[in-house]
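See the structures that follow.
Across the two complexes that follow, subunit A remains constant while its partner is subunit B and subsequently subunit C.
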Partner chain A sequence: MSSSTLAPTDGTPPGPRAHTATARGRVLPFPITGQEIVLIVVIAVLWAVLAVATPAFLTGGSIVPLLVAMAPVALIGIGMTIIIITGGIDVSVAGMVMVCAVVVAKTMVGSGVSLPVAVLLSVLVGGVLGLVNGLLIAYGRVHAIIITFGTANLFEFLGLRIFGGSTVNGIPGTLGFFGRGDAGRTLGVPHSFLIMLLVAAAAWYYLRHTAGGRHLYAIGGDADAARLAGVKVQRRVLSAYVLTGLLTGLAACFVIAQGTSTLAPNVGTGMELSAIAAVVIGGTSIMGGRGSVLGTVLGALLVQTVTSGVTQLGWRSQLASLFIGIFILIAVGADLLRQRARRTA
Partner chain B sequence: MSTVVSPPTQAPRPDGGSTHPQSRARQLPAVLLRALLTQRIVLLLVLLAAVVITMTTLSSRNYLTAPFDLPYMSSALISAVPLVMLGLAQLLVIASGRGGIDLSVGAIVSLTSMVFGFAYGEWGWPLWIAVLLAAGFGGLCGAVNGLLIAYVGYPALITTLATYYAFSSLAIVINDQQPISTAPIQEFFSSARSIQVPVGGGDPLPVPLGTLTFLLPTVLVVWVLLNRTTYGRRLYGIGTNDVAAEWAGIDVRRTRFTAYLLAGVISGLVAVVTVAQFASARPDAGVTGSGMALPAITIAVLGGVAITGGIGRVAGVVLATLLIVWLNAGILLAVPGNAGSQFQLFALGIVLVFAALLNGLTSRRYGTTG
Partner chain C sequence: MRMTRTTRSAAVLSLALALATTACGQGSGGSASSGGSTGGAASGSAGGGGGGEGATVAFVPKLQGIPYFEAMNTGGAAACEEIGCTWLYQGPVEADPAAQADIVRSFIQQGVDALIVAPNDPDSMAPLLKQAADAGIKVATADTDAPNSVREVFVSQASTEGIGEALTDAVLGAMGGKGKYAIVSCGQTAQNLNSWIEVQKAYTAEKYPDAEIVDIVYAGEDQAQATQMATDLMNAHPDLTGLVGECTSSAPGVAQAVQDAGKTGQVFTVGLGTPQSMAPYLTEGSSSASILWDVENLGHLTAWAGVQLAAGEEFQASNDVSSDITGVTFDPATKVLLLGPPLTITKDNAGDYDY
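== the complex of A and B ==
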């Protein structure tokens, strides 16, 4: 049971991207795809409209929280992009955020560890959880969505057990470096946003310009063909889930830093869906084999712009979900149209 | 896997060794093992028996806070009603293939709850018309999914993720975040009560009314639809190989569209059940916590529905639900309080991962199985 059998891609070829060995540089697509250009235009238009509608929008007091709030979703989205490129999916990241956040929060309250130790702990816990997913998916040869539904329940159980039926109170401000406040900014730019950009740039380079990155696309295009071409499919797939676990651990630190000194057991709820939404709006194909990190970052920015914008316009905050749903449909529709045009051309 | 044609109703006979009658007796253990591993129904029956026997034993030795007996088991069925119905909805869409899945069922339940609440609780419509409206409205939501997936060609996972967002947002906005709990809605709670059903010679069992009015009819209709109609054969056909089905003259798009439409209708009916259980039409009825969609998909997968399409049986979904419901009910008695509901998550996760790994193992050892 290979991962590509979830959806027979009705004759869509995996694209020429999978073969980079012969003519380097020539076969790589243009660094920025149509979807990303459209996203940039849409975000620019939204920002312009919001700036006209509410003068307070284009001020530091409004943009900084927006960038801080999008950072954890984008960070998880980067990992999710890599997983989805290999043809998998991970719906357990919300549970992972919960476990990492509660472990770190309890440790900080209990023994007052320093910032690097807290981050390292969170990333390690995330990595271990990702390893569990990766081992089950790569070596159990079961479709990712089923395994991660299962581990989502297990992680939630683990997190709730550690919470022990109450909230974690009195979290010290150790993680303020990632937060919204003054400690979380350098020259007005939030650190969490900068770190997310650095990770995104590294992932972008890895996916585009290294053999390992191209292998991930090859696996998503056709796992059997990739294996026959000498790609170590299982090891690569495993590494994608571990990486997502590590990034989710870091994102959990951001989440703690953004919250108050109290951590409630509903931390992380719904993050799997927002991360997948960001990935999909960014133009990554859910069938695997196609996608980019840049698109995901833009997708996360769009989602957060809509969420903040709806609140700032004084509308009911839940209306944001409606717009996000519509944006997902438009983004995927545009991608389908372009694919169709490419096929008939 | 998607190319293997496996008739879902006619299970491969476990006594495949009948061509060598002389060695049949020696093969018996192997045959039993194979049946246990490859026939999901057999596995579920064994697990179900194990759960019931373990819990009854614990109960008879007074390890549990209350007796785990027949009346307790039958009143626990109240939580099986939405699970089975939504599990069947997932069976229909997952069996239709091409990555079929419906993440939006919980959001449809929320939105339809509100619509039903308006019709029955605010506008004073007769109950049966309000129920019809709920089914119809759920069907409309499902049709939106079906239209985009079957006719436009959107991937199911993304489409239903988008409609999940859209429907759950509308459900909250439609009545300004307020639940509807007017007098008729509160009286409607009476339809979620239990009735005493005399079984055999013993004491009458308290059976939740919802199992008789909603669960059994839905199970029967879906079973007949899948096993006794041409539509069912077409659905399994397009799920197994939609290119072949197209060449065989099946209207693939219409068949797949109908699957999502029916999933919407079932979700609409679940909305009515949910309103009755809560005695209130709540805007977040189907999406609180981890929502209703994820448990429903879990039940379907546990029941042997192959995520690749074309494989899945009604009996599997029903047995998987009974397993989970009675396991959960037992856990609540064994681990009282908050920890009990946490261990339920653990049990669900373990059972699902175990079943999925077993699937992977058996398909390597015996080939693709139903």
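== the complex of A and C ==
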């Protein structure tokens, strides 16, 4: 990555005293990183190959469901990106999806609430769960993976309690606004994808162009240095987890809309890993301090393209796991190489 | 957050490996019958309890807290109420062989009269069943068999052929006896699902020469994934007219995909789905039929078999268990007690079941 010529536009604290001043000269990263360009090329090539191999791939009937399917993972991935940039991680999002989804589903079945109420409820529940994580991590001074591993189990317990050993049946189509069906599109564009894009754009702007956003990177780079530079580390970290909770609440609505009229207790299973996979493939450094939401959105799109592509080509389903696993390893390997290059530069 | 370079790299690599191996893997195990891979911690500890007298029959499901095994519990408890036995029901919160083994050991310690297991791992359960038999406990399996064990009977919900043929007949009945269809299965390693699929392949080839299974995909026990895969299949094969959802998460999933694509009436679906989850799709028409068995009756038969074993009674070739469950066949060669032919659930009878 080349150093950018952009001048500092905010109160970004200077990086830790660098051994090599030239490598630390940049303040804002280039708008689009090498890994994102690679991802765009890979996705474009895949789409072109799939379009030739299966003529139905590049049609609305195929692309729209694909975009709908990647939306919740990307949405959670946006929050996860911000958390990972601060040097943390959240492995409790799957439990959050479960709790939000079952609360909303039961409420809809019980009292037939309207769409805005259902979304608000889900986002609110997610926000509260995120607040629990954030408080424990920001003020508990224990590593995020341990805390969220604990809360993941608590959330799962809570979710199963609410499920009460049964599925939720007969969920009304209120959330069809976010689904694959006709109700989920305007002029052919799926609402869930559009909302995810808007959130991603806002997060991208915030992370790049506001003091608060730059502080998140500073915390991930070196939390102690950031603190000495006047960054309110705890408050920033707390807000990252609350934001992820809110986004996970919204994603839970997407998940309900994509599922069937029955909600089973395994809802959300594996979503934390899907989200982290999207983040890692997107080029965000798992060690914190670097990353972008654009990469995460592309990562989620790539994963879903591979999954759908494997099915549409009639290949064995397990090949999707193989490809995604390879992508993750390549992405992490590239990150480690970049890391080493920067140190020895 | 103060890590050395080596620890950091090691941490990153191990996370990457963890992701690569588990993140994107399809849910593998799983019983066809179970709707989810996470269990219900909610249901608390050993539940059940029928009448206080007579034999003590303990049933250990693959996991507790999911509707399928809760319905079996309901049936078993009702049976004990009726015939006078003590029904104990306890399973692990996840479909985990080790946790299940612990529960089995505790029942051996308690010295129950009959111990019936739906094993998560038939092979590792076999020595424990032997241990129970050595302690004088009558052992049996239900829902899922452990063929290489000392179990005295396997209480089977339906035969492999019965399920496979019923699914095939249902989907091709809706498709008019010909055309292309695809199967959305769940765990790739789920033994019972795979054996049903084998029957479906052979039976389709034999009885419906104008029909073809174009693809079999595996969605794990994930409804959204099943729905997406069904959507992809319809796109890849525009002339597809049938879809089979092989487990309780895929069955509503394929119906939802057809409904979302606005192809109700063009693409017909059937699946192994619970009546309550399938009711909306059966009514709407995106699902033609659901093949299952009466799960409460399976629980009832399980309890009854336990009582028979405890009392040292032999099974007859045909057994009348209750007013509702008659003509249950017993094959002395394989020691399998068969509940009966599978149940076909349509929009007319879906409302009769509360699971």
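Going forward, the second predicted complex is superposed on the first by the 307 of 345 C-alpha atoms of A that agree within 3 Å, B and C clash if a C-alpha of one lies under 4 Å from a C-alpha of the other, contacts with A are read in each partner's own complex, and residues count from 1 in each chain.
Keep in mind that, in the parts below, contacts are C-beta pairs under 8 Å (C-beta built on N, C-alpha and C of every residue); 3 or more make two chains touch, one makes a residue touch a chain.
The shown structure was predicted, so the numbers you read here are calculated from the model rather than taken from an experiment.
> Applying the touch criterion given at the start, work out whether A:Tyr205 contacts subunit B, subunit C, both or neither, answering first, second, both or neither.
Touch status of A:Tyr205: no partner.
> Does subunit B (first) or subunit C (second) touch A:Ala264, or do both, or does neither?
Only subunit C; A:Ala264 stays clear of subunit B.
> Examine A:Ile286 and indicate which partner it touches, taking first as subunit B and second as subunit C; both and neither are also allowed.
Both: A:Ile286 reaches subunit B and subunit C.
> Counting residues of subunit A touched by each partner, does subunit B or subunit C come out ahead?
Touched residues of subunit A are more numerous for C.
> Quick one: is A:Ala320 in contact with subunit B, with subunit C, with both, or with neither? Answer first, second, both or neither.
Both subunit B and subunit C are touched by A:Ala320.
> Should A:Ala152 be classified as contacting the first partner (subunit B), the second (subunit C), both, or neither?
first
> Where does A:Leu136 make contact in the superposed view: on subunit B (first), on subunit C (second), on both, or on neither?
After superposition on chain A, A:Leu136 lies in contact with subunit B alone.
> So, does A:Pro65 touch the first partner subunit B, the second partner subunit C, both, or neither?
In the superposed model, A:Pro65 contacts subunit C only, not subunit B.
> Hey, what residues of subunit A end up touching subunit B and subunit C alike?
Touching subunit B in the first complex and subunit C in the second, residues 143, 156-157, 160-161, 165, 269, 273, 276-277, 280, 286-287, 318, 320-321, 324-326, 328-329, 332, 336 of subunit A appear in both lists.
> Which residues of subunit C touch subunit A in their complex?
Listed in rising order, the residues are 1, 5, 8-9, 12-13, 15-17, 19-27, 35-43, 64-67, 70, 93, 188, 214-215, 217-219, 221-224, 227-229, 231-236, 238, 248-249, 252-253, 255-257, 259-262, 274, 276-277, 279-281, 355.
> Can you name the residues of subunit A that touch subunit C in the complex?
54, 56-57, 59, 61-62, 65-66, 69, 87, 143, 156-157, 160-161, 163-167, 169-170, 179-182, 223, 255, 258-262, 264-267, 269-270, 273-274, 276-277, 280, 286-288, 303, 307-308, 311-314, 317-318, 320-321, 324-326, 328-329, 332, 335-336, 343
> Note which residues of subunit B are touching subunit A in the complex, please.
Subunit B reaches subunit A through residues 1-2, 98-99, 101, 148, 152-155, 157-159, 161-166, 168-170, 172-173, 176-177, 242-243, 289-290, 294, 297-298, 301, 307-308, 338-339, 342-343, 345-346, 348-350, 352-353, 356-357, 359-360, 363-364.
> In the complex formed with subunit B, which residues of subunit A make contact?
1-2, 5-8, 10, 89, 91, 136, 140-143, 145-147, 149-154, 156-157, 160-161, 165, 269, 273, 276-277, 280, 286-287, 316, 318-322, 324-326, 328-329, 332-333, 336
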